[in-house]
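Same chain, two partners: subunit A is paired with subunit B first, then with subunit C.
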Partner chain A sequence: MTAVRESADPSSVPEAKGRRPWGRPQLYTAYGQDMALLNTGAKKVSVGVLLVVALLLPFLLEDDLLRLLATGSVLAIGAIGLNLVTGYAGQVSLGHAFFLGVGAYTAAVVSGDPEDDQVWGLGITFLPVWLLAGGLVAALVGLVIAPLASRLRGLYLAIVTLGLVFLGTHVFNEWDAVTGGIGVGRPAADPVLFGVDLSRRTEAFSADQQLYLLMTVLLVAFALLGRNIARSAIGRSFAAVRDRDIAAEVTGVDVRKVKRRAFVISGFYAGCAGALLYSITGYLDPSSFGLLVSVQFVAMVLIGGVSTISGSILGAFFIALLPRLTRELPEYLPFLSSSATQTPNVFQVETLLYGLLIVAFLLLEPRGLFGLWVRIRNYWKAWPFSY
Partner chain B sequence: MTTVQERETQGTGTTTVVTRVRDRAGDTPSGVAMRAKTKGLWQETSWAQYWDDVLDVAHALLDLGVVRGDRVAIQSENRREWLVADLATVAVGGVTVGLYPTNPPAEVVHVLRDSGARVLVAEDQEQLDKALEVSAELPDLQHLVYVEPRGIRGRYTDQRLEFWADLLARGRAHRAAHPGAVEQAMAQTQPGDVMTLIYTSGTTGAPKGAMLTVANVESTIAALTGPAGLLDPPAGPGDLTLSYLPLCHVAERIFTTWNNAATGIQVNFAESIDTVPENLREIQPTFFFAVPRIWEKLLANVQVKQAAASPLKRNVGNLGLRLATKVGAAMEANGGKHTAGSRVLHAIAWVLVVRSLRERLGLRRVRWAGSGAAPVSVEVLRWFMGLGVPVHEVYGMTENTASATANRPGRIRLGTVGEAHDSVELRIDPTTGEILTRGGATFAGYWNRPDATAEAVDAEGWLHTGDVGVLEDGRLRITDRMKDIMITAGGKNVAPSEIENAVKVSPMVKECVVIGDRRPYLAALIGIEPDTVGDWAQRERIAFTTYRDLTERAEVQALVQEIVDGVNAGLNPVEQIKTFRLLPKLLDHEDGELTATQKVRRSALAERYGPLVESMYSSASATGKGARS
Partner chain C sequence: MRDVLLTVIRGLGFGSVYALLAVGFVIIYKSSRVISFAQPALMLAGAVAVSYLAGPVGFFLAVPIAAIGIAMLGWGLERTTIRPMIGRPVFVVAIITLGLDIAIRVVVNVFIGPNVRNVGDPWGLSTVSIAGLPVQERYIAMAVVLVVVGAGLFAFFRYSRYGLAMRASSLDQETALVQGIPVGSMTALAWAMAGGLAAVAGAFVGTGGGVDQSTWVIALKALPAIIIGGLDSIGGAVVGGLLVGLVESFFATYQGEYLPWLGQNFSLVSPYVLLLVVLLVRPYGLFGTREVERV
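Up next, the complex of A and B:
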């Protein structure tokens, strides 16, 4: 059949390709349909509904919850970045906190007040500029780190990236001109868009409503970008390297280039997330980029679902909303204290929970929250049979 | 492509399937004519391309020296080249002869020699080898065209071979040198011209080639796709069908080639007979014809998978199917139409199980479903009716171009094959009970067999179908094949197929052959279905190795005994199966036990399993228990 096609007259090739009869989701007439972003009707509908709900939320929820959700959106951007390098490309990175810090400080410097004599500042408060600057500088750091990854793998890579966090913490602590130093800190980047400072309330919206909308829009953009990276040739080369780098190389994938790309892209995402994260609180302290942050991101990826963009988002929101839940605990468990000075307190429970959740998910559902969803989906998909 | 002017200069103006395709290509050149799955994608062929290929191949046939009346044989699975070669042959006035891809060399040589085919289009090396093996006995066979070059090109040096693409190139060269030659040949076609030989599967004797003329085919097309045809509104370019039964059989030729040309329905070729369930799910046809075997298999699959489902799913599924049973009963009483009450029940069952079940079966969008070519049990049809898929049983045979009777939408009566088509006269011979038909679709006779033709068609033009039946207010109920009717030693007339079908309703049974002609009582040879029985044995923790081993297990014998007892309970004592034996192997076409259409050859079976049959009558006790050997 194919041979006939190939040798047939080119004019006899059908002019319209990829026409697909209505209502037949499994009938593929072009590979693009299989790889499409929203390849089923159910996905189209549910994503549409989700977007509408997301846009309606600021008018329904309290401001403090909106702020939490905005933070969740930013964390999700960071988690997508980590999932691209760790989940898709299989390069374990514990240094995510460092990239986050690089992005945050770059953005703070770009947007900072030039009049301030304590710390550096360029005074460019326009959001896209400092956001891109933060992302690009972190991506540059990723490019520098990448050669390490092409020489090391697995546990060794994890240890080396862990080292980055300690190096970073040291630099951030000591470089007063940029970070303000320990215990002092500096103002973070101002989210100013076309002259409007979104972190201050305006006539129509509260600050949290504006930030929530901003972060939601950015998350959609970054998620879309991530999903497109994942389903394109780049994403497939990531997966090839993850599954077996030697086999990938044999099939013509340039392993070094792929690993470099993974770190650069991941760095960019982390840098952007770092820049945005502290523009919500407006202030950043050099001690905020420790190992715990890296572990939190790893938790997001593992709990959400390795190698899935939607899983990263789920995981990020889960981790972002977890403190809110643990803060409620003392009401039900009187022996827990909500003060950090007493033991046992909710903060310890929180830290404990991160660890426990990672262990539990790895043991019980290695594909994370997304895997749970897949199980539910497959259960109904197979209805009324079991397979 | 033909322009309007060219079309107007056509000679006799006889409508054939070829002119129908030409006109479609003119009217909707970019419309989808067919789809075939290649490399995971359903790649479509437009009407313009279809017609273009037909013209190329027709020109190539002219170049090869094929003239009016010459036979061109095709041995291939269903694919677009089958249709193209078929239509190209008809275009130049040739006669298409189809061979089953499963035909062994012995049958290939018979058909090719009997028809005197000049050209053979063979699908691949497997089919080509069969013809080459016997080509010394076939002086008429001058050209062998192969479609799949794998294993052939560069290895076979036979001068008569030609690759399909080279054939197309030959056609294009001829087309450039002699433009309009094919159109000229088409213009000379008369309604009485034979356009195809269809070799009847022949449960007895060697296959005979039934000659079908252009007028026969047009008569059938008018009967099936016309205003009083199979479905209302008639099939059209927006409908989809799946092509998977052998195209050399008259039924699939109607539902694929002729229906496609006449109504513009989109034909989708299944990858193979084994992938039919998956392909059905992908295509979700709106128009689906199947043989009883397929309907039984679909039902058996559901039962097996349901038995293995988790308790919740099983219980909800059973609840939905119980509702569906009620829907089926209500619809059956109403001629296959919904009543108000059945609609409500159907809606509930739809939510519970029917929607997903139909989606998985590939019957979600079916507008017309049909069964034919062999008797089917009422229970199976009733089950599908419960899903809201009324299956219309149709009746016909090669000799009347498969148009005799059909159940019409909304006037279905299960167990009958429906009402005669408007263009068909039908009566029952008062003395023998044989069904006789007459009409434009009655064939022109057997190829080179005037003796057999005289036997089949009498002087008044009545075709003797060989089937025994009765008319029930205009609807035909078929009792059995005339020669299969058995007279037991007690002098009772028994129609075995009804009993056999009742046994075959069980998903555990694949074949059942009732024996009892001139015997004291009825006995049966039963072949079990390896998939379902194997699955059952696994769940029951019965160890087995091979098919034969499985048939020898006492538990399996007991299982089949239970099925037989269940069937016996609904039968007169004379019709009850007193004893049975399980066939030690799956029946096979290659071994001569089945015809190419998977019908059992009773004579071959009686011969091969003679001792097994005798053992059922010689054993001391003829009660049910005696069956366990």
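Up next, the complex of A and C:
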């Protein structure tokens, strides 16, 4: 397999990156080549294939699976955000649910019906507007939280962000004008793009097909952005702060600025994810931003793989598809019930699995699903030798 | 004045329970530098165990039995999931305990069922008149338990061989090992003690109202307490716990009157506000030791 970037006109290739020699896939002649987005031929091929498959899926799968995958894409956006702050920058955040909620409610207010006298609404349903608004407001909250992070380290920060979730839940429960109040809720943002409401069936596509395509495209955009953040100077400064903050400071990294950036970026991702997540279901309730949501995001990052973008995506899809898998269990394990009122039931198994999977992955494969992939890849790379 | 006194008594009562929980957190933190998010599940498990045992053997015997049982569970958790993680980042271990918490609570919830379970305490909501004030008996019981357990822990750490060994291993694990102290066993002992404390606290959280599936959240109020007191100070944890109880109680009594815009039930989250304020002023809590950082 060759990994040559062929260019018809050599002058169009930037000089610094240089050209990759033929037939030597592992040979890099410039730093730029090593740091390139798709730095091996295999990556180029597999990413291309994945994208093609992702675009073909809406025509192959049932609608309910597509909806699940769309949810998975949105969760992946949120998980990338958490991975940037916790995985790359090493700032433990259990407050992701709060940022998600801020984004979801901002988007719902921006897109909401101004005629509604129960909850506020500005009536701007155009998707990019409310998406950006949700992301930016959550980023702003991140900016406000960041000074705490620059004063605190490690588990102190984890507990403060945990407190944030409780405070956030309280605010969401009480601020009826924005959230509708406990047990009432409000309609979420409408995904309207150029006059087409994507959550409604159109002539060519079903609602779930449209939502799936929208979320997939957004996930690709956010993942690309995340990957670029991670491999640029910002990402390296994150890693420096994570690995040894004092050493980073000595080498000229402004630790407070880096932590601030990490929280702002993570908040932006979480806000966007929150805004999108509830536009799929169309409805949001103030009780849906509790500690369990934060734990689920931590689980996505840990099960997927810490400080990898592709790992975050894997983990998010894993957690998104887990309920679906456990729903299938009663067929094979007749003692399990699919009704929530009987024990043992699938919902208990699902929650139990969250907990046990976190423990199992951390004990046995700390690098998560991404680490499993690396092991499999290395095995076949070296095959038939064992090393 | 009467209201103020009653508020203070209620605050000190619940504060005693928070203090017990907080001491459990601190014992674990001192031994393994980890905040165990599994404590809420252990507390709930303790309360549920008491609610089942109180019928056959009575409340006063049920509490120690449950405490020993949950202590064994804590010990088992340390041996199976925490011991292999020695040397790994504390955040990872903390997340493991979070996973354990979720898993244990699922099992415990099965035993709780959809309704409130009574822990079978002899006090209920009955009051006794002290200097003309109707004081709930359970608050007195909570305070007494804190004093007894606190004194016991003080004596244990101050005068017993094991207490000395635990203090030594929390101070410097390698040096303690060199002196012949089995540091691993001391860590396991710490987890067992924390489990036992959580179970006792759980039993007293359940007095008056009983326990249901959402009671575990109460254990998290010990987190503001330990942060306020400083993570590595048992005395600080007690002070922090009482402070959290008082703040919560005062908000419950007066917030509706003076700060109604904060919304109903603000008292339940007021400990977290206190936490933010204390940390902004003193990042290592009131009694915590400042970390010395070297490159």
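Following the convention adopted for this analysis, the second predicted complex is superposed on the first by the 369 of 387 C-alpha atoms of A that agree within 3 Å, B and C clash if a C-alpha of one lies under 4 Å from a C-alpha of the other, contacts with A are read in each partner's own complex, and residues count from 1 in each chain.
Quick note on the criterion: a residue touches a chain if its C-beta (ideal position, glycine included) is under 8 Å from a C-beta of that chain, and two chains touch if they have at least 3 such contacts.
Worth saying up front: this structure is predicted, and the values here are computed from it rather than measured.
Trainee: May I ask you to name which of subunit B and subunit C touches more residues of subunit A?
Mentor: Between subunit B and subunit C, the winner on subunit A residue contacts is C.
Trainee: Of the partners subunit B and subunit C, which touch A:170 in the superposed model: first, second, both, neither?
Mentor: It touches subunit C, and subunit B stays clear.
Trainee: For A:148, is the partner it touches subunit B (first), subunit C (second), both, or none of the two (neither)?
Mentor: Only subunit C; A:148 stays clear of subunit B.
Trainee: Is A:356 in contact with subunit B, with subunit C, with both, or with neither (first, second, both, neither)?
Mentor: The second partner, subunit C, only.
Trainee: Just subunit B (first), just subunit C (second), both, or neither: which does A:27 touch?
Mentor: Touch status of A:27: first partner only.
Trainee: Return first, second, both or neither, reflecting whether A:160 touches subunit B, subunit C, both chains, or no partner chain.
Mentor: In the superposition, A:160 contacts subunit C only.
Trainee: So in the superposed three-chain picture, is A:384 touching just subunit B, just subunit C, both, or none of them (first/second/both/neither)?
Mentor: first
Trainee: Can you give me the overlap between the subunit B contact set and the subunit C contact set on subunit A?
Mentor: None.
Trainee: For the complex, give me every residue of subunit A touching subunit B.
Mentor: 1-5, 7-9, 12, 14-16, 19, 21, 23-24, 26-31, 383-387
Trainee: Which of the residues in subunit C end up touching subunit A in this complex?
Mentor: Going by the criterion above, the answer is residues 34-35, 81, 84-85, 88, 90-92, 94-96, 98-104, 106-107, 109-110, 114, 220, 223-224, 227, 231, 262-266, 268-269, 271-273, 275-276, 279-280, 283, 291, 293-295.
Trainee: Using the touch definition from the top, list the residues of subunit A that touch subunit C in their complex.
Mentor: By the definition above, subunit A touches subunit C via 92, 148, 151-156, 158-160, 162-164, 166-167, 169-171, 173-175, 244, 246-247, 250, 295, 298-299, 302, 341, 343-344, 348, 351-352, 354-359, 362-363, 366.
Trainee: Using the touch definition up top, name the residues of subunit B that touch subunit A in the complex.
Mentor: Touching subunit A from subunit B are residues 30, 32, 35-36, 38-46, 49, 52-53, 79, 81, 147-149, 164-165, 168, 172, 240, 266, 281-284, 305-306, 308-310, 313-314, 316-317, 320, 352-353, 356-357, 360, 364-365.
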